[in-house]
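In the two assemblies presented below, chain A is common to both, partnered first by chain B and then by chain C.
Now for the complex of A and B:
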């Protein structure tokens, strides 16, 4: 036990003496939170619209005014030429072209139906899908108003009509940052835990100090624990630090019990440090270690549900994602912080992490003993 | 009882035979040297003795403890200085020493007697990072760290490689003093001139021990008659000597050539005439006592 403490003390001494390390520990999280959370947004604001109104009737103008009035759209071009509108689309100046054909109002009155065309830039399919949905909902709204204008109340009563109203729970203002901050925090903690710990052990191999350590009575398990504990502490500190920034800068809600966050965080880090240790047993230089961790990290992060919803992944990917520890911790973070989930709610995810921790740490220690 | 006893140790790395059926023993309090070129198997042997790797076959004991079964006990009792500087270069001299003292469950003050002579030389730099020390200082610090737990056996892998001549001499002086305090020392070196400073030496080549004896005994066993030959043009001298009839070996040795003849044959005056005929000037031929390097060369061609 005493030996362990000395190793931990030595590790901290080395970590804080490393000039590259302190900025990584303190500056990177701030920068990442401030930049990533503000930049990585799917929120749709000011979709650029080109209007090709060939009808110029009161109905067409009324429809256009609905787009102009919406906070999501910004009409940047009004033209009578399709080609001009397409040019704008080509050069990326507009995202969507709304084309109202000549005779739009006449058809609407005489034949009870008329057509409008949306041309949508689908290079980013997520944005395209959203703007088409928004556009359609505006059109439906417009349609309903038309009916109200033209039909008598008795006729209206005869029509069956379902109206939809939304109430957004857990994130009433649909604030994207509220959703992102907990996820980005997990990312941060993962980077600290995985990258730094994996590299740190390999470093001893690379510069040969492990040779001198191995002839001392230090047991392997003491050495591993002594190496990993500092990063466990630093990463948990990072979590607290990040939560503070999240609260102060982004005012993210913290509905649930923070102890649940730290308890799950502790287990999650155990998993991540085990992965780091595992990587260090299969690599010999810091460079190799970095490449291997980077590969795992990209897969883990992209499949973690941080940026994309897990529910919309194909079935096999969702099944595969059960092996992704990041996914569980991001879920726990969001559930506890936004929803105020109690232990009973997060327990399936929590116990999954515990199982991961047990399996991966025993695997890593076993590999480590065999290799070094 | 021997401090180190090795019986029929062999170790392969893939298809490379690093050690091939090696046996020897080192007595308590002995200064034992392994002399051999790079790649002879010295480091592999030392790594087996210090319980870092397991031999493919054979048995080795340190203080009667088996290197495979009792590795944990051995580690308490052995000091190892790897050939490559293996201390923490981002920790200071003092911090390194303290760290190694604590992991052995002792303190620097507790065993200060043993390292005092060495430590006073690096003490002025105790706040300096180990990575910023000169080569000789690094070796001294490494020796301090290897001694801090008062080991009974000290294993040094090429401690003087890359160290200047003065520091090398100093280092061997330190080893002699350590030996006097009863520590068994096993040292590997590629420098033949250091061999004479050991109590006994083993000449090792390609994973085989070619001879084990005291340095003087090794020299005494040198079978050939040996001459040192000098002339003004050393390069053509070597070529011409090789063509001389009955000559056994010719090696460059500093500014001279060492020429050996098989037992019963000698150079006589004909060599002088031969070289003169070849147009050499400033010829000096003198019989010399073989040194360790000559013996090593002789054993190598066998």
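Now for the complex of A and C:
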């Protein structure tokens, strides 16, 4: 036990005496939380529009004023030439071209239907999908108003209708930040934990101080535990700090039990640090260790459901994702913080993390060799 | 010149004899592109829903069938009371609950008006929004089919998706991945390889050699130009052959711009290594301060225009943002140099600035 305490003390001293590392560990994640949460948003604010109104009727003007009045749209160009509009699209000055063909109103009245064309820049399909949904829903609203204005009550009564009412639970204003903060917090704790532990043992190898440890009577399990504990404490502290900032700055709801968060967080960090130490024992230089860590990190992050939904991934990818510890912890964070899920609800995710923790930490202990 | 060549050869040996690093440098872009091309989509399919049907008549059954056969939804559970809604949401699988009021068919028949309630789990706001939109679309189609005679005054939206007709996510990944990997290899690897010499003490040896400091630096970064360039080509070729991402514009221009970006990233890497002496710190700066902004503040996934104003200013000083704009412009929109002259100028400006600062710093260190 005393041996363990000594190595923990040594690690702490090493961390706190490194002037360069301290701000990176404590300041950078917080700054990133503030920046990234604001950056990672799909809330459309200004979809840039080019309007080509070839009809110039009262209905076409009314329709365009709907887009002009919406806070989501910014009309940057009004023209009668398709080529001019396309030129703006080509140079990236507009995201959507709304084109109302000649004879729009006449066709609507005589033939009972008319077309409006939306040309959308779809390089980023997520954004294109959302702006297409916004644009058509404005059109549908306009259409409904038009019917109410132009049709007599008797004409309206003849139509069967299903009235739809919708509500959004847990986040009625659809605030995207509420959704992102718990996820990004996991991301930051992961990056710091993985990098600190991933670079640690390999650094001792490179500098040569590992030799000094190899000739001490310390046991393998003590060595790994001693390496792991300080980072575990730092990362947990950072999680708490991040949650506080999330509450104070972004006012994210904390519906569930915070102890659940810290309990799962503790297990999760154990997993992450074990991965880091494992990488650290397998590689020979810090450069290698960093690249390996980076590789896994990017894969884990992009498959974690942080930015895109897991359900939309193909079946084999979802199966593969069961090996992704980030996915479980992000789910737990969101479920507990935003919806107030209880332990019974998160228990499958929690136990998966426990299994990971046991397997990976034993692997790390097993892989560490006291022979150079 | 001969000395310089010898030095460059030494650097190449350094890289090629570390086969693990090499494997990752070339495996990384391939695996990531394949993975994300197949895996990452924003299209939502097979979302799990629960239905609370209080009337259980023919109409509600038919609507449920329509919803479930659309391909977007899977029935997870039939609810019995509204008390169960909170419970299924908390368990986390169900994304949306569809509620039919009592006497649905009767109301529809008599008054021509029946009510459906949709509740989305907005702890994931985007998914909730999109799913609610899907259901509304299905319902309004059903309404149209109910009214056999034509509904008057229909305005039909005709949506055309430009540059990416099949709405593939990989179109966005290719430019982003290129920026990310070129940044990683050029900025990160160079800064690490220079700080490593400092850490191991071999930098002293180089500095007392007859090589000029400029030659040392150029020799150091030279191999990475090759590596980065090779990676860029791998991404473009893989994207094209496997996922059909086209190169509409000029390939030569694309490569030239990539080369410019590589130079920019290299000079940034040199700058980082003049600031710090330890690999760990160089790495932390590169990873934490460069990679995440490259992914998030560059317009790669999230459009810059949606961010708060202060962040938009930040985005404007992120070189990857300009590079991604350039690549999209050439590869997907097929633009010529005229459209991207401004962005090119900015990248060149960044390069000169970084080189200028590093030269200043480097001289000071020698003195």
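Going forward, the second predicted complex is superposed on the first by the 364 of 372 C-alpha atoms of A that agree within 3 Å, B and C clash if a C-alpha of one lies under 4 Å from a C-alpha of the other, contacts with A are read in each partner's own complex, and residues count from 1 in each chain.
Methods note: a residue touches a chain if its C-beta (ideal position, glycine included) is under 8 Å from a C-beta of that chain, and two chains touch if they have at least 3 such contacts.
Quick caveat, the model's predicted, so the values are computed rather than measured.
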Simultaneous placement of chain C and chain B on chain A, clash or fit: fit
First (chain B), second (chain C), both or neither touched by A:13: first
Touching partner for A:89 - first (chain B), second (chain C), both, neither: second
Which of chain B and chain C A:143 touches, first, second, both or neither: second
Touched partner set for A:208, first chain B, second chain C, both or neither: first
Touched partner set for A:118, first chain B, second chain C, both or neither: second
Partner contacting more residues of chain A (chain B vs chain C): C
Which of chain B and chain C A:216 touches, first, second, both or neither: first
Chain B versus chain C as contact partner of A:258, first or second or both or neither: neither
Partner chain(s) touched by A:358 [first = chain B, second = chain C, both, neither]: neither
Minimum C-alpha separation between chain B and chain C after superposing on chain A, in Å: 12
For the chain C and chain A complex, residues of the former touching the latter: 18, 20-21, 24-25, 27-28, 31-32, 35-36, 38-48, 85-86, 89-92, 95, 108, 112-130, 132-133, 135-136, 139-140, 142-143, 146-147, 150-165, 167-169, 171-172, 184, 188-189, 192-193, 196, 199, 276, 278-281, 283-285, 287-289, 291-293, 296-297, 301-303, 305-308, 311, 314, 325, 328-329, 332-333, 335, 339
Residues of chain B that touch chain A when the two form their complex: 50-52, 72, 75-76, 78, 80, 82, 84-91, 95, 99-100, 102-105, 145
Sites on chain A touched by chain C in the complex: 20-21, 24, 28, 32, 35-36, 38-46, 48, 89-92, 108-109, 112-130, 132-133, 135-137, 139-140, 142-143, 146-147, 150-151, 155, 157-172, 174-176, 178-179, 191, 195, 199, 203, 206, 283-288, 290-292, 294-295, 298-299, 302-303, 307-309, 311-314, 317, 331, 334-335, 338-342, 345-346
Chain B contact footprint on chain A (complex, rising order): 2-3, 6-7, 10, 13-14, 17-18, 207-218
